[in-house]
C-alpha cells in the first residue's frame, strides 16, 4: 500500500489567487493511498523543500506529488530534495496546477475543481511509479561548431583553449563570416578586419581545432555526449594539402567577370578563387557553376574547354574530377552558429513576402543595401574605401539612409526589429561624412534603438558632430530621376512631405536567418520560430541551449545580434559545452523502453518505428543452445524514450519506464467521470 | 463623447476590420499621399485621431474629403491599416453625424453624381454637370470645354435612362442614401 | 476560428444553470504541446477549464486504446496533440502517431464514437494561443454534441474486460502502424466483430 | 478565396474559357470616353473576342458611391454582376478602370465581409451567387498579346508603331488595392508594357506608372488634377515617351482634356491614347474607327509622324535591296563577259 505525500504550493499569489489551495490539500488528503497532504506559500523555497524532506521521513512516504508549477520548471528541484531525503527521486512527480490551471482560468470554483483532478491524476500515476536508477552515459569530449563567423570562431577558440577537441565547419571557402565584410565597427569605429583576422588565424592554427571549410552537416545521429556527425566536404577541386596559396590559378583563370559574393556584387572574382585576400585558409575553391571547363562538360563537349588554372599550378594541386567526400566525427556537443543573411528585396521574393517595388532595389543601381555600403567604405573593398556610387563611379554628394526596410513591417516584410540597423546606419552616416566632408547624409528612421554600452552616445554623435540629418518617417517611394535618385519621405515631426534628390540610397534591409537553416534544425531536431531563427530552450534562463540536450546556439542564427552580443553568446555556449565535458559520464533519466522477452513475439514492429535504431533482434536459445526464436532488445544507451515502440507493440511486451501503460491507465481512470 | 459609449476606433474596426492601434505613425502613407500638400490632416494624422478617439475633429475636418481614394497609402502601409478604407468609413460617419465639412464643390459633385444615378440608373454627364453647377454655384467654370465636348460627341444632351431605374431607387433607399 | 470566449462564457452560464459540461481528456507530448500549454499559462491566456491533460513523452507513445479507454471512463471528448510534422523532438514519433490516428479516425464510428468528439492537432512549444483555441474549439464542439454515454454500460469496476471490447479495433489500428494499410485494419476489425 | 477571382487568368489567358464576355461599358464609355468603347469593340472584333453588353446595366457608383455609403458602393456594382450571372456568363469585361475596380471590390466585399452574401441580394432584389469573374481591358489584351504579335507580323503594310516610345500609365484603380485587382504587380506593373511591346512599340521605363492623376476631382478640384497631371506628363516626356497610353477614362479625360493647363506654353502636346486605340493602330484599323478625332490633344500630327517614319523605313529598306540587286547584277555581268 503506497503512502503518498501531496504538497500544494500557493506560489505566492500565482496559484492561490484562483485556486483554493487549502481545499485542494483537504480534498486529496482522504484519497486512497495518500498519507499526507498540506499546502505552503512557496514549496520551491528552502523551508518548502525542508517541509517535503521532513514529511518523507515523518510519514514514511513512498511517493511525493508536488502540486505547483510545470515539471519543466521545478521537477529537478523537488526530485533532488526527495533524493536527499532518501526517497528514490523518480518517485516524485509534479502536478501542474499553475501554468495549466490557475493562470488560465478565472472562475475559482472551476479552477479548484480542476486542480483537485490534476493532483488526483498524478497521485494515481505515482502509485505505479517504480524506483529507478538514472542511466549513466559516457561523454565524447569533442565539440562540433557549425558556422565559421565571429560567433563560431569565438565558441571554437573558447572550447579549444579549455583543452577540448573542436571540429569547426564552414560552408563557405573561408571562415570569417559577415564580420570579415565589414569596414569599421560600432560604437568604436575600429577596423573590423584588424580585430577579426588574428582570431581567424588563431582558430586555423589552434592544435585543438580541426577546420573544414567548403563543408556542411550532412547527418546527425545519436544524442548528448554521443553524437555521430556526418560532414559533407564539398568538392573543392583543389588539394588542400598541396596548395600553397600562391594565387597563380586565379591569375590564369579566364572567367574574370563573376560577381563576388564577398564584395556583395560590387566587385568581380574569377571562377577559381579565394573569397578575399585575408581568407583563412588561403586555399581557393573552383566555382563549377561558372567555370568554363565545367560549363563545357555540362554541354557534353568531347574535350575540356579550359584547363588554364591546372596548367598554371606548379604544385599540381588542382584536380577537376574530385567529388564530394563524407567524413564521420564522434561528437559530444554541438554549437550552432550559422549566422544571418540580409533580406534581399529585389523583384524575386521568397514565398509569402510582398517585397518593396516602391524602393526600386535591383533596378536603380544606386540603391544599395547595408552590406554593399560596408564594402564601399572598406579599405579592402572594390573602391579601396572611397565612397563611389555604382552607376557611374562618381562621389555622391547626397546619400540617403533608410532604416527598417523589411523590418517592423508585418504586412510586407518581417514583423520583428532587426536590432543592429539603427547602429550601423549611424555608423554609415559617420563614415560617409568622414570621407565626404561636404556631403549630405540623410537618415529616415522610425525610432532610434540604440540600447547598449556607448550606443546612444554613438548615434547622437552622428547627429550632433557629423551633422547627419535624421528625419522621423518612413520612405514611400524611391526611383531614378535622371542622374539622381528621388526619395519621397515624410517628416512626422515637422509634419511635411520631404522629397530628396539623392545620389545614392542605402537601404537597411532586415536581418534574416541563413537559407537552409530549417533543414539543419531538422537534422539536429532543434526547433525554430516562424521567422526561421533557432529557438532557445528558455528565453531567459536557458538562452544558449536548445530543446535538444547537447545542442547549443550562438549568434545571429537565434535572433538579430550585433558583434558583442554574438561573441558573448558564443562564449556562453562554449562554457556550457565545457561544463558538459567536465564529467566523464552524464546522468540521464531512465525513461527508456524495456522488452519483456517472455511475451515478445519478435514481430519487430517496434524496430521498424524506432527513430534511433535503438532496437535490435536477439535470438532466444533452448537450454541445448538451439535457436528457438527471436525477440526485440532495446539498447538503453541509444533509446531516447519516445515510447513509439510501446504504442505499436501487438503483444504489449515493450514498456517505457516512467510512462508505463499501468501509469497512464491509472491517470485515465483517475479521471473517471461517472459520478 | 457620452453620446458615444463606444470609441471611434471600435466603430472603425466594425466598419472596416482595421485595428487602428496597429498604426505606429511611421508616416509612409503621408509620404506618398498625392493630396498631402493640400490637406491639413495627412493619412497618418487621421489614423492618430482615430487612435486618440478624437471623433469631432476626425469627422468634421475637411481633409477627409480631399482624399482621392487612390489607395497609395493602403498599398504601402506596413501594418495593413488601410487608411484609404478608414477615411472612407469616416466620411460615411461624418455624413451620418451631419458634421461633414466637405468643400462645397466636392460635396456638390458627389451629390450631383448620385442624383444622376438615382434618377437615371446611369450617369448623364451633361445633366450631371448642370446639376453640379447649380449645387456648386460654379456656373461658368468649364463652359469653355462644353462645346468641345459636344462637338467631339463626348456629351449627349439626352440622358439614357435604364428600365430598371426603380431597382436603383430601391437600392438607394435600402442603403439609406438620399443625395 | 470559433470565438475563443464563446466556450468559456457558455461554460460559466452552463455551470450556473447546471447544464451539460463536457469532460475532455487531452493526450499531449511533453516537448511541444505540453510546453505550448505552459506558454499559454505564462501568457495568462484564459481558456475553458473542461480539459484535463495527460502528459506523455511523445504522441508516438499514445496507444489508441488510451482514447477508447477515456471514452469508456466517461470522457465526452478527447484531444490528441503533439509537435508539428518534422518538428518532433524524437524526429519521427509524431509521424507514426499521425499514421496510426489516420486509421483510428476511420475506425471511430465503427466503435460507436462520433469522430467529432476527437480533436487531433499540432501545437508547438511557441503556440500558446493556438493551444487556447484548440481547447476552446474542442469544448464548443463537444458541447454541441452533448454527453457521451454509449460506453456507460461498459464501465464496470474491473476495467480489463471492458478494454477487451474494443481491443480488436486497437489491434487493427496497431497492425496498420506496421502494414500501413487501412483495408487490412478494417478486415481485422471486421473479423473481430464477426467472432 | 479572393485570389480565385481577382487573380484568375492573370498571365494565363488559356486559363479562361474561350473569349466570351458579358460587356460592362460603364457610363464614361457611353459619354466622355466613347472612343474607348468604339476602339475596344473594334479591337475585340479583330481579335475574335465576343462582347455581349449587359442588358439594362446601371452605373457602378464610382468613387461617389463608396465615398458616401459602403453598402451602396457594393450594391450598385453587384446589380450588374447579378444580371451577367442571370445571362449565364462567367466573366465580365469592364474596360473602365474605375468600374473594374468597383466591380472587383464588390466581389471581394460579398466574399469576405460578414453578412454581405445575404444582405446584398436582398438589397438589389435579385439572386446573386457572386460567381462572375471581372476582368479589365489590359488583362484581356495582355493575354491576347501573342495573337496581336502574330497579326502585326503577318500584316502586309509596315507597322506604324514600330519602335515608337510609349509610356504605359496605369494610375490607381487598375492595380490598387492588390487584394481587389491583383492581376499585376501594384508597384511595378508590366501588363500594359507587354501590350505595347506586342504592338511593336517600345515601352519606356518611367516613374509615374502608378501615381494618381487626380481621378474624380477633374470637375470639382481642377487645380489638384492639373498639379498631379503635370508631373505625370513631364516625367513621361523626360523619359522620352512620344505618347502616353492609358486604360482609364478618368486618367484620359484628366490628361487629355486638362493638358493645356498642365504643360507650359509652346511645349509639344503629349497625345494620350487608350490602350485599345494603340492595339487598333497596330492591327491596321483607321484612326477614325478608333475614335481618335474625339481627343482634345490633337493626335493627327503624332499619327502623321508615325506614317512618315514608317514610309522612311520602307524607303530605306527598299534602297538597301536595290543596291544589293545592282551589285549582284554587276557581278553577273562580269561573270557573263
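A, B, C and D label the chains in the order they appear, each numbered from 1.
One rule holds in what follows: a residue touches a chain if its C-beta (ideal position, glycine included) is under 8 Å from a C-beta of that chain, and two chains touch if they have at least 3 such contacts.
As the structure is a computational prediction, the values presented were derived from the model and not from experiment.
Across the two interfaces under comparison, A-D and A-C, the one joined by more C-beta contacts turns out to be A-C. Taking the mean of all protein Cα atoms as the centre, the chain whose own Cα mean lies nearest is A. In terms of their C-alpha centroids, the spacing between chain C and chain D amounts to 57 Å.
Averaged Cα coordinates give chain A a centre that lies 51 Å from the centre of chain D. If each chain is reduced to the centroid of its CA atoms, chain A and chain C end up 33 Å from each other.
For chain B, the set of residues that touch two or more other chains comprises 72. Not a single residue in chain C touches at least two other chains. Counting partners per residue, chain A has 358 as the residues that reach two or more other chains. Arrangement of the chains shown, judged by which pairs touch: an irregular graph that fits none of the line, ring, star or complete shapes. Chain D meets chain A in the complex at residues 178, 185-188, 207, 238.
Contact residues on chain B toward chain D in their complex (touch as defined above): 15, 34-35, 38, 66, 68-72, 74-75, 82, 84, 88-89, 91-92, 95, 103, 105-106, 108-110, 113-114, 116-117, 121-125, 129, 132, 136, 141-142, 145, 148-149, 152-156, 160, 162-164, 167-168, 170-172, 174-177. Chain A contributes residues 70-73, 96, 98-101, 103-107, 109-111, 113-114, 117-118, 121, 522, 525, 527, 529-530, 535, 547-548, 591, 603, 605, 608-609, 611-612, 640-644, 646-650, 656, 659, 661, 664-665, 667-669, 671-674 to its touches with chain C in the complex. Only residues 347, 354, 356-358, 363, 479-482, 486 of chain A touch chain D when the two sit together in their complex. Looking at the complex, you find that chain B touches chain A at residues 22, 24-33, 36-37, 42, 44-45, 72, 76-80.
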